[in-house]
Every structure is written in structure tokens, then in C-alpha cells.
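Per-chain residue numbering starts at 1, and chain names A, B, C, D and E are given in the order in which the chains are listed.
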Amino acid sequence: MLSVENLSLYYGAAQALRGVSVDAALGEVTCILGRNGVGKTSLLRAIAGHRPISDGTIRFDGKDISRLQPFERAALGIAYVPQGREIFPLLTVRENLETGFAPLTRPERRIPDEVFELFPVLRSMLHRRGGDLSGGQQQQLAIGRALVTRPRLLVLDEPTEGIQPSIIKDIGRAIIYLRGRKDMAILLVEQYFDFARDLADRFVVMERGEIAQEGDRDALEGDDVRQRLAI
Amino acid sequence: QETIKVGILHSLSGTMAISETTLKDVMLMLVEEQNKKGGLLGKKLEAVVVDPASDWPLFAEKARQLISQDKVAAVFGCWTSVSRKSVLPVFKELNSILFYPVQYEGEESERNVFYTGAAPNQQAIPAVDYLAKEEKVERWVLAGTDYVYPRTTNKILEAYLKSKGVKSEDILINYTPFGHSDWQTIVADIKKFGSAGKKTAVVSTINGDANVPFYKELANQGIKATDIPVVAFSVGEEELAGIDAKPLVGHLAAWNYFQSVDTPENKAFIEKWRAFTKNEKRVSNDPMEAHVIGFNMWVKAVEKAGTTDPDKVIDAIVGVQVPNLTGGVSEMLPNHHVTKPVLIGEIKEDGQFETVSQTDSLVPGEAWSKYLEGSRDLIADWKTLKCGNYNTVTKKCGA
Amino acid sequence: MSAPVTPTLLYLDDITVSFDGFRALNSLSLAIDHAEMRAIIGPNGAGKTTMMDVITGKTRPDQGTALFEGSHDLTVLDEAAIAELGIGRKFQTPTVFEMHSVEDNLLLAIKDKRGPFLTLFSRRTTLERERIEVLLERIRLTAHRYRKAGELSHGQKQWLEIGMLLAQEPKLLLIDEPAAGMTDQETADTAELLRDIAKTKAVVVVEHDMTFVRDLNVKVTCLHDGSVLAEGSLDAVSANERVVEVYLGR
Amino acid sequence: MPSLRIVLQVFVLLIGMTASTKAGPYEEALPKFAADSYADTETALSAIANSGHARALTVVEALRDGRLLLGAGQVYLKEVSGTLIDVATGQAANPTGNLKPIRVNNRVRRATEAALGSLTLLSADPATRLNAARAVFRSRDVAALSALERAIAQESDVHVRDALEGARAAIILSKPDALISDKKAAIEILEARGDQQALALLTTLPSDAPPELVKAAGDAAEGIQTRLAFWNALQNVWYGISLGSVLLLAAIGLAITFGTMGVINMAHGEMVMIGAYTTFVVQETIRGYAPGLFDASLFIALPLAFLAAGTVGIMIERGVIRFLYGRPLETLLATWGLSLILQQGVRTIFGPTNREVGTPAWMSGALEVSGLSLTYNRIAIVIFAFSVFAVLLLVMRYTSLGLYVRAVTQNRRMAASMGIRTNRIDALAFGLGSGVAGIAGVALSQIDNVSPNLGQGYIIDSFMVVVFGGVGNLWGTLVGAMTLGAANKMLEPYAGAVLGKIVILIAIILFIQRRPRGLFALKGRAVEA
Amino acid sequence: MTTQSVLDKQSIVVLSLLAAVAVLVPVLNGLAVPGSALHLSDHLVPLLGKYICFALLALSVDLIWGYCGILSLGHGAFFALGGYAMGMYLMRQIGPRGVYAHPVLPDFMVFLNWKDLPWFWYGFDVFPFAMLMVLLVPGILAFIFGWLAFRSRVTGVYLSIITQAMTYALMLAFFRNNMGFGGNNGLTDFKDILGFPLQSASTRRVLFVLSVAALGAGYLLCRWLVGSKFGKVLVAVRDAESRTRFLGYRVEHYKLAVFTISAMLAGVAGALYVPQVGIINPSEFAPANSIELVIWVAVGGRGTLAGAILGALVVNAGKTWFTGALPEFWLFALGGLFIFVTLFTPRGILGAGQGLWERAKQMLGSKPSRSSFSGGGVVP
């Protein structure tokens, strides 16, 4: 589904990614782990098209998308839940969700029920401005908003940040459900190790802009991974 | 080959470009024409155009540049009084010559400046006289833009009207900011003031952009010239070309020249002008004529002096006579103003003026107004007294 | 309402805040003692951040008392005055001065006189310099000290903000979700750090990470719908049926 | 051409039927025209008007229309059809030599109107009669009294009758030898009329008038004054609304480009200017090719102005602005540069002077409602401004464009990741804002200069309105414009135009202290952060 | 490399350039033989002096805009007020040499029949008092205005617009003849300053040198302000105003202080400007002027001080040159310049220059430096 090869990314003169390669497959959760500042977010930004890359390719369904605009990627079915939520502060919750209609055909333009099932609080706050929500509520909104676009690749950057434990569990269950539908690939950046471990089919550990280790679910149990995440 | 340079200092951009650009064109035409006649003192004339951009300090800067860098022999330029005030010190300091072609508030006479436009006595006062006599006006609205020219003119007019027995309650003075565009209230007030049973007229010293919306509002509120005529001092053919003149028929303007003046000189001038601008509809107006007069006077003076040296030219030019476009002969007076006929015209449907009154003889421009306290005793005479503000009471020049 | 018997450090009573009719805080009462650390938990939207907004003067309550050290009425003071009293805060989403270097961020935060004249003539003392060194070490940003704060990653900004809070040396630290975006190891580390600070200062921490809260090993208050739902040790609170229902989940 | 001549002769005969051949006042007056002096023309005119001659009306009308010609001392009249007749004989004439229209000035024009008034009091057309009545009211010509009486006797239209009676009252009141009782009746009629002119008549009684009359007039005047004061206040409200509408029109496009998109669009005024020049070009074309369409010119200009300004807007957005998102302050710099270029561009193409934009017939004149006088062009502008506002509100509220524009402005990258085609939305929104500015230009061309400086005059006011109302809120722009308009017009009668404006500016400064985010401030966490 | 050392380097360059100008211009004008290649023509001295005053004005705007995020669209007002204070002094110096030879009243009062000198003209015949007013009038206005605005936390465009309203209101007020400042014509036809004739070349040279000195001093003052911790607080306020409050800084005091200082600098610029151009009138209050001067700063490079100076010089020299060389098309050129600068050099001319310099240095093999621009901080 998604295949990233040999990606390099710079911020000015500073190199944040050095030849990173990652794959994400349909019906699988690929989890990216790593300490602060190793380049996880930068990788996702590159995939979403928020930052230009200087080298490498990003393929989606076999098509090279590395030069496409973010909205073209969205139209292909890539949805992004960024770190820091980035909801539209002055739009109401409903409007925030409706921005996801843009790449959809007219009959598709409704908010899927699963959004409200997953995050019931959003339904009660449809008319409140996104910026007024609490941090956790905003995070829920950001995930819900991504689901509105009916993605085929869901890119999540630390989606559990600031969310209460019960809903983290719900999100976990939702990810498992979505994975189970087999129509979506999921790319997840997560610091919360236990959460990642429960979900990941495959994982990648990053260090200083490079892939330090990768493997499947079982490999995660090893101590070396925890080691890499420690200081 | 060496040339004689002539500076042209008119705004080609900014708020005043509307009025001044034409004057630049006229000057270019005059220079070209003079060159066709063989130039001046055997040399070709060369026009140096700069754009002071309606920015007053920039006028001073450009004047300085024209005089000291381009070494022009004389400058033709300025429109607003403030631009003239801004360049004045420069001309005095560098001892050069400025021809100022626009009607103004008077109260000035400088050795280096020649005022070819109307002084208040060559425009405002005859206009009021006409209205009082011909239209039997008894009640006056003095409407103006809030700055020096209208304020001074209105001061003079107020004093003049009162000296003619008009009572204070029959004079309404109203000032508006530059570029005022919402005239509803004021026009309504004028209407009210004018419906008191006495014949009322408006003397307008409204200036610049504000005129068009003013006249549009007059038309819309149905104030016709037969009810309340408006006489303006800064609305000419150029300005009217931008308005639908039909509803304005009969409103008046006082100038020293109208395009419609029926003389062979004028006909020839308009023909040349249209040929030069390659525009069959191009209009002419009073300040243009002033430049024609000023330029011809300068040429004559230079020829007379045999040099372009400012001192010699300044001495030579007083007394020089050149034909104006209305069939008379204008003369440069010792006070550096010129003699001009005063014409009152009514607006016609086509945006031209119909002359309804013309002074029998030419009126000499007065630098100092008789109707202002401070200047009552002053006279200007650069020929014998060599002074612009000679006090006839103390018999002293200036200080 | 009678004044508190002992002047607790922070005393909130009957605080109500509503936004267009929605009650974010509903008659909330809370008291924090000198050198006490308190963990605050509660569902998203319970009003935790709003409570901090009230304490720091960002939001004015509709009603209620908020006293600091028994005598300062926090509901009438502005943000700067409250900060000067010795209340420091780390925000939920990291907010740092993006155009300043990491070092300058700390310098601005460091405890010092805050008036325009005093800053104009202030010289950086060796003491300050050393303190900044220590802090940089502590938040593991020594290598990044000259970089602009805006260039840091999300987690690094979190750390920087914690560093700024420490630099202020406030009497009361309000910390909104410090563990968010940190690795498990760092989280544990932070807990350690806070325990250390709480020996001398009062600390109020908001966090959803139960492991972290457990590490803190302090009294826990659970907010819900703008008021206190449960209070006590973590074990006691997590045993509360309501808490499990609205917050922890099954 | 004998046949033509015969027709003409018959025609002339018909006209001359009732004309007497002996020299009367009419014939005596005619030579006076030949002097071509205004005073003589006026004397001749009144003589003719009072001559009772059958051709009098034709002559007066011809004089008014500039169809009374002079050639070699003879007066001719050019029929509307173009045929020339000798005025003295009424015969067709074929003079040789130059014919010049007899010149008129205001004085003559006024006399003409008065004469026409008395001559057309009995006209078949009620509108003409009404005008005649008004003219007589103004001229208060005692000679018209008898005609007036006759007219009143046979008048069937109430409206006209009122006017006629008013005119009679005016004459009687100023007629020295009228009976006191008649004068009293006149005062009553005038009081009922209750307008400014009636007031003027009542307050300018001659000093030797009998005291009872003076008192009656005084009372009547007082009544009128209170009534007028009321209407005056109302009139002021109207001025406020209409100025508010102008401000609204000028600002509303900016509410999109600046208020919603966040571009500090200094070239906004130039978009208005483009709209105004489009109107000019449309009218010029119509004048040249289809003069009959002139009354529709504004409707033709509206869509074209929208397109012209919108296209320029889109070009600006694609060419410059799009590189500046996220750097709002720099849009100020670039759009300022653009505004200079556009101004100079228009100056180069159309010249520096004002261009004439005409007013269609349906927009000239005023609607008189009791004591109110509402000029049609202002009415049109008020209606137009509110319609534009309503349409824009609907577009921004109920189409996805509105939502997407706001999303894009609030977070461009994220909006793109939601699948919003940011560049298209930007171009469309900027085009929409500019287009709306363009149609504002069509309206403003009706009341202001169409010159390269047009835009400059509105830019500051527009920003004031948008900011005062609260950035990002269309309703704020509406209320802001109306408030500023009304406040301005309320102040103007007391403080004068200049001071009034200063006071308004200071009031804005002080108001912003109270409400630092404008009238319709956005509140909440997101803004305060 | 620390921030401090970068600043110093820039300051040294700026100050030495200014010193060179202060020496060269008078020397080339006064001592070189007229007509020789080295001679600087007389008309250039006041022209350059004018640029220098504009540079000082731009500097004052950069101080508040570049470093504290206060976008004043009314700074021309402070400049004009300083100018008027100086103009009033110069006016009083004319004494009885006016056209009406009135011993006290300026000409414009005489011909509009004023009888007495209005009270606010008192004292302006005394040079020190006038100079005090040059500082105080803009300073006090800025203080009151700022106190109102900053206390109520008016920020962003709202602040910009009310500063614009302020200058607009002042413009209308000064246009009024009844205000007693000469109305539209303003104050002009000055004779001398402290007894030295304004028309003489040597006075001009002295004024020029004084202007350069004022610019240098202003630059140093600004450098010192922004280099201190005070300056860091300003930048913090610019980037995250409310966060600064939570650190305990009284943002309004900082803003007020810097706004007032900036207004006084603008006032000084105005005071030096007037004797060199010879006129002060209300159009200096025109909102468009204030917008334009913000643009000088943006062109040069906001938040760099040196950039503001550079921008003012480049734009104004460009204007002088274009208006003479391309009188009909200069607006195209100037407008084009503004667009070009925004599009291609987002950090202004100075930023672009520095960028080139950095790149050149890198190409020459010296080690890359990370924080070369951290000196002032560039707008995000």
C-alpha cells in the first residue's frame, strides 16, 4: 500500500531524516517508535506532504506521490492526524468534521456513525468552536475528522496524547476494528509503549533520523527495543 | 549642441495628477512649438520633466534638483499653494524663476515667482459682483474645502460682501475636508438656507476630488441653477469632462479663460493642442492658458535680456506684453502678477462654458487684498521699489 | 463564607466558570498545602485546564474564592501579578518563544526582577549562567541550546517548557500533562523530578498516564463535570465506581 | 419640391389660424430678442408670455430648448421636427446666412420657467400642470393669478389642485393689496403644506403687515417648524443609512479578502476602481453603439465589473499573494505595490482625469415622501448594498466555499490534508472578494469621481469598518458600516464635516479600548491564546 | 557563535559607514572643487539629509514592529509632531522678517486676522524649550495613546487601525486653519536656526552631520535596547504575548516603554527633517505616509535595525531617481520593487544580502554557522 524508500528530509541545513524506508500494508498497523526528536513526526509530515523531501520516494498503491500536493494525497485516501491536533480553532466541531467532505463525492458527504460511536462527546459539542474544546476533546476531534474522509491510509501521530484512559482503550479497540476491516493501512507513531505493543503488527524504531531497528509484533517484546527508547 | 533647459514641475501621480498632468502636456507642446520657430537665442529648448507626485516636500526636492543639477533656466510648475510654498525658499535661495499658473489666495509676491493665474480680485470678487447684479443674489453660501485658499478667499469675500451691506445672517460659511464625498447633509443645508425667500447663491471654493460628488449630489437633490446657482473657482473644462453636465446647466464658474472663447487665437491654440495630443476631444482650460501666457512672456523677456540669466530675465520681464487667448494683451505687472480679463461662464450641456459676462478691460492682479486687515497697506513692486511687501503707511519694505 | 482556618498555599472554593451557559467548572473547591504535590485526573473536558486558567488569571471565574497564601485574591489579579506571586505554569500544549534560542527561553524564565528598567540594565550573572547550564542538562537540551525553540520537536518543547517552569522557581507549580509525548522512560524520569521538587515546593500535576500518577505516589483528585468526583490515594480513587465508569474505563 | 411646400403651407395656416395679423404686444416684443442681451431677452419673454398670443407657448418652449434662433435681426423658430418658421408671421422660412440660438442665462431660464408655468396651467397633462403649479409657486407672479383661479376651478386631480392652491396662497400672501381674510386663508393653506418653502413664505412677511396676520403666520410657522424638525431627524437617519451603505459596499469585499482570508489587501480600493472604470467603459460603448440601452447600463456593468475585478483578483492571488500565506504582514507590502501599479496602469490607459459616468434616468431625482426627500440613487445604493451583503452572507454561510475558505485561513496545511484544494479555494475567495469590490465600484461610480484615485479614498474607511465591526465577521462589517455612517451623519450638523470626522476617529480609538477585538468580537480560547 | 558577537559586527559596520558618510559628504561638498568628479553638488546635501532622517524614522518603526510586533500605521504622526515642534521654533525665529513684518505673529496668522499668538505657541522661540517639545510632544502622545491601548490589550490589526485613526484625525485637525498651525500650507519659509541661515551650505552641512549623528545615536540606542534582556522580552512579547505574561512580565509596560521611545525617536527625525526640507505640513500625517514607512522597513528587512536604515535609503533614493528618470512610469517601478522584494527576498534586502554572504562564505569553505540570523529574529 504505502512504501517509503530512502527518504531524506532537511530543515534548512539540518537533516532530520536520513534515508528512511518504511512500508505500511493494508489491514496492518505499522508502528513507529523512537525518542524525542528522532524524526518520527518529520517522517509523517513527509508522507502527508507537509514538508518537501530532498531525496527518496513515497509510493502509494504503487504510484509515486512524493511530488503531489497534500490535498491530492488526501484525495487518494491518505488521512493525517497530526501531532498537536491542529484542529481549526474557529470552526465549530461540526464544521471541523465537514472539512473532511472536500475529497468526497456528494453522496458520501456525511459524517460516518463510527465517529460518534467512538467519541460520543463530539456529538454533544457539535456547535462548540473547535478551539474551545479541551485538549483531549480536540484530540478526539482530530481523529474523528480524519475518519470522515474515508481514508485508506490512516496516519496517526501520537493519537493518545492527552486522552483519558477509557477513551485510549476505545481508540485501541477502534484501531483493531479498522484493521480488521482490511480496507485500510494504519501508520502509527506512539510513545506509549504498551499501547503500541498491543496494536502493532509491525514496528520500526527510529534513532537520529534513521531506522535503527524493525520487525514484527513478536520482536517488540525484546528488551533491546525498550533499551533504544530509554535514554 | 547646447540647449536651454526648461523645468516642468507638475505632479504626474498622486491626488493632484488629475489636474496637473495636462499642464505638463501643454508645456511640452509650447516647448516643441518654440523649437519649431527656431528655439530661443539660437538654441533649442529642452523640457525636463519630473514627477513630484503630489508630495509637497518632494516638490522642494525636485525643484532643487531641476535648478542645481539640471540647471534649468526657468521652471513652470506647481498647482496647489502648498506646493508653491514648499518650493519658494528653494527658488529664492538658488535664485531661479518659477511660473505659477493657478488661481490662488494671493497674499504673496516674490521676486523669483511669476503668478500667471488669477489673484482673488481677478476671480472671486468679479464673480460675486456678477451674481449680485445679474442674479440679484442676497444670500450667500461660501462653501469650501478646509484649507488656506478657501479660507482666505472666503475671508476676502466675507469682508467684501459685508462692505456691500450683506448681513451676517445672510452668509453661511461651510468647510469640508479634502476629498469629502458624502454631501447629502451639506447640500440639504444649502437647500434649506436657500429656501428662506431671498435669492441665494453658493460660492464654491471646494477643491479637487470633492467636486464631482458635490455636483452629483446637487443634481440628485434637484438643486437647479435657476434656484440656487453655484459659482465655482476651481471647476473648469477638465473637471466637467468627468461629470454628466446635463443637470448642472446654468451653474457658473469664474475664470480668465474658457475653451469656448470665440477668438482666432483660441481657435488656433485648440487646434494645435489637439494635434499635439492627438486627441480630437481634448479640452483646454484656464491654467493652461496661464502657462501659455507665462511661457510667451518668459520667451519675450529672455529675448529682450539676451540671456537666460535669472536676474536679467526678472528685470526684463516686467512690462512684457503678450496676447492672451481671449483676444486681449496681458502684461506682466511689477508685482509679478498679470493683467487678465475676468469671464463668468455658465455650464452648458456639453461641459463647456457659455460666457455670460466679461469685464470690459483687463483686470490687474493684486498680490495683496484690500479686504484683509494685515495686507491692506501692502503693495508689491519689483521694478522700482524692488520689494514684494512694501508698506505704504510705514514706507518700509517688509521688516 | 468563612476564611480558612490555616492559610493553605492555594485555596479554591466554590469556583464556577461558565462559557455561554456551559459550566466548565461547577462550584469547585480545592486546597493545596505548602510543599504538597497533588495529582489531578479526570475525563477530557472535566475542567482541569480551566482550573489552572482560573488560578493563573487567564480566566475570571463567575463566582467563588481563589486565595493564594491566604491573602492574595487571585480572581482580581492579572497574569503577570499572579506569576510574580510565585505561581508558575506549564501549558498543556507546549508554548515556548519560538524565535528565541533555547537558552534565551530559559533566561527569560529565570527568576529575576521583571520590570522594564531592571531588565534593561540587567547583566547576566555567573550564577544565572550556571543555573542555566544545570537546567539545560536536566532537560537534556544542552546540545540544542543555541537552536531556536521553534525548531524543536514536540517532545523537546515539552521539556523546554518544564525547564522554564523550573527556572522560575515558583512556590506553586501547575503542570498540565507533562508526560504527554514522552517515552515511558522519560515519564518515569519526570515523576522522579517532580517528587524531588515537591520536597520544597507545592506542585499540582494534571495527567492521564496512570503509571505516571502511580509513580508520583501522592494524593489524587479526580474532577468530573467541573467539580471534584473523588479524592484520596490513587488506589482508592481508581476503585471508585464512578471514576472507573467516566474515566478509567473497563 | 411643390408637394412639400403645400404641406408646409397648410401646416402653417393651421398654426396661424387664430393669430391676428395686426401688431400686438407679441409682435412688438419680438425685435427685442435681436439685441441678444439677457435683459432684453427677459423683457421680450415676459411680454410674449403675457401677450396671450397663440404662438406664445411655442416661442417660450423654443427659447428654453435653444430652438429660438437669430439671423440677420430676424427671429426664427426651429420646430422639433427641424423646420424653420419665422416667428413673427408663423410662416415657414428659409433664411440665408448664419443662424445662432438666442442665448439664455439663469435669469432668462428662470423667467422662462415662470412663463411656462402660467402658460401651462391648463395643459392637458396633469404632470405638466403640476410642474406649472410649482413654477408659479416659485415665481409668485401676480399676473398668473387669474389663470390660477381658472385652473383651480376646473382642476380634477387632487394632487395638482393642492399644488395650485398652494401657488395661489403664495401669491396672495405676497400680494400687497390682497384682503386680510384671503391672506389668513392663504396662511392656513401654507401651514397645511408644511414644507420649507411654505415656512420661508410665512417667516418673510413684509414688516408692515397687520399684527393679527403676523401672529397667524408666526403660529403657523411654529407648527411647521416642529414638524420639520421631526422630518429632519428622520432625514438624518436616512443620510446615515445611505452613508452606511456606501461604507458597507466599499468594505464588504475587504471583509472577505482581509476579514476572512487575512490578506492585508491594500489593493482593495483599486478593485473598486476597476469596477468603476468598467462602468465607464460599458457606458462609453453603449453611448457609441446602443444609446437606447443607457438606462440599463448599470445592470450590464454589474456582471462585467464582477468579472473584471474578479479576474484581476485571481491574477493577483495566483501571481503574488499565494506565495505570501503565513506571512500576513508581507501581503501589506506586496498589495501596496500592486495598488501603485494598478493606479498608474489606469492612469496610463484612461488618463489622469476624471471620467464621466452618467446616471440612468431612473436613478436621477428624488422621491418625496412627506417631509423626506430620498434621492433615487441613494435608494438604489442602499438596496443594492443590502442585497450584496445578503448574497455574500449566504455564500459564505451555506456553500462549502465559505467553510473551506475559513478552514484554509485558519490552518492551511491541515486544510490541504483534509483534501481541500487550497489553491483553488484561495483563488476563488480572493476572486470573490475582488469581484464584490468591483460591483461596489459600479455603485460608487454613481456618487463619486471615477479617477485613478478612486480607490485610495475608500481604503482607509474600509479597513476602519471591517476592523471596527470585528475582523472575520460579516455581520460586524454590516453593523460597523451602519454605525459609522449614522454616527457621522448625526454629528455632522453639529460639529461640521471636518470636526465630525475627527470626533468619529477618536470615538473609534476609544471604542477599541473598550472592545479590543471590535464590535462583534470573537471570543473563546482559540483567540485569546 | 553567540548572538552578541553577531550584533557587534553589524553595529561596527553600520556605525563606520555612518561615520564615513558624516565625514565624506561635508568634505566632498565643501572642500572639493565644484565641477570636479569628487564634488558633491549642493542640492545633494539636504537630499541626503532627508534620507538620513527617514532612516531614523524607519529605525524607530523597526524597533517596535520588528522587535515587539507593534505594527504602527500611524508613526508618521510622531514624526510630524516632532517636525511641527521644530517648525514652530523656526517660525518664531523669523520674527519680524515675515511678509507682514509682524513682530510676533507668523504670516499665516496675520492674513487670517489672528490677533494674538495662541498659547501653545508660547515658548517656542526658545531653542531648548522647542527641543524639549520635540521629544515631549510625540512622547506624551505616544504615552497616553499607548497607555490606553496596551492596557486594554489592543493588539494586531486593531492596534494598527487605531494608530491609523490617530494619524488621520491629526491630519484632519492640522488641516484646519483654525488649529493655528498654518493649515494645509503648514509652516514654511524659514530663515535661520540658532542664528545660522538655513539657506547656507555650511548650515546644511552641519545639519547633515547632526542627522547622521542622530541616526548613529538612535541606532546605538536601539541596538542596546534590543541586545539587552529588555530586548529579549520584547521579542518574546512579539512572538507569544500571553506566554510572556505568565512568566510575570508586565507586557503593557514593556510595550508602552518601547512605543514611547520609538515615538520620541520619530520626533527627533521629524525635527531634523524640517530645517532640511524647509516645510512641514499636515500631509506628513497622511495615513499613506505611515504605511509607506512601514514598507521601507519591510523592504530593508524587518527586525534587523540595519535593514530599516537600508530600506529607507533604498526606497527613497529609488523614488528620487525614478521620479526624475521615469516620471510617467515610476510607480510601476516602485510598485514592482515592493512586489519583487516580498516575493524574492522574504527577509528584505538585508536578509537577502546576508543570505548571499553566508552562501559565499560556505562556498569558500569556512564552516557553516547555524544561527547566523538569530541576531534579530526574522518574522515567522
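What we mean here is this: a contact is a pair of C-beta atoms (placed from the backbone, for glycine too) under 8 Å apart; a residue touches a chain by one contact, two chains touch by 3 or more.
For reference, the UniProt names are A, C = Urea ABC transporter ATP-binding protein; D = Urea ABC transporter permease; E = Amino acid ABC transporter permease.
Keep in mind that this is a model prediction, so the values were computed, not measured.
Counting only chains that touch, the fewest steps needed to get from chain B to chain C is 2.
Between chain B and chain D (Urea ABC transporter permease), the least number of touching-chain steps is 1. Among the other chains, C has the CA centre that is most remote from the centre of chain D (Urea ABC transporter permease). The greater number of contacting C-beta pairs, out of the two interfaces A-D and D-E, is seen for D-E. Averaging the CA coordinates per chain and comparing them to the mean over all protein CA atoms picks out E as nearest.
In this assembly, the C-alpha centroid of chain C lies 44 Å from the C-alpha centroid of chain E. Work out the mean CA point of chain C and of chain D (Urea ABC transporter permease), and you get 66 Å between them.
For this pair, chain B with chain E, the centres built from the Cα atoms lie 36 Å apart.
Measuring from the averaged C-alpha position of chain A to that of chain B gives a distance of 75 Å.
Residues of chain B found to touch two or more other chains are 12-13, 146, 175, 177. Residue numbers of chain D (Urea ABC transporter permease) whose C-beta contacts span two or more other chains: 343-344, 456, 498, 501, 524, 528-529. Contacts with at least two other chains are made by residues 172, 175-176, 242, 328, 331, 370, 380 of chain E. Chain A contributes residues 11, 14, 35-37, 41, 83-85, 121, 128, 132-137, 139-140, 158, 161-170, 191-193, 226, 229-231 to its touches with chain C in the complex. Taken in their complex, chain A has these residues touching chain D (Urea ABC transporter permease): 48-50, 69-71, 73-75, 78-80, 82, 86-91, 95, 98-104, 129-132, 145, 149.
Taken in their complex, chain B has these residues touching chain D (Urea ABC transporter permease): 12-15, 17-19, 21-22, 134-135, 146, 174-177, 179-182, 184-186, 188-189, 191-192, 195-198, 209, 212-213, 216-217, 219-222, 225-227, 229, 238-239, 241-244, 247, 250, 252, 346, 354, 356. For chain E in complex with chain D (Urea ABC transporter permease), the residues that touch the partner chain are 71, 145, 148-149, 151-155, 157-158, 161-162, 164-166, 168-169, 172-173, 175-176, 242, 287-288, 291-292, 294-295, 298-299, 302, 328-329, 331-332, 334-339, 341-343, 346, 379-380.
The residues of chain D (Urea ABC transporter permease) lying in touch with chain E in their complex are 264, 266, 320, 323-324, 326-327, 329-334, 336-341, 343-345, 348, 456, 460, 463-464, 467-468, 471, 498-499, 501-502, 505-506, 508-510, 512-514, 516-518, 528-529.
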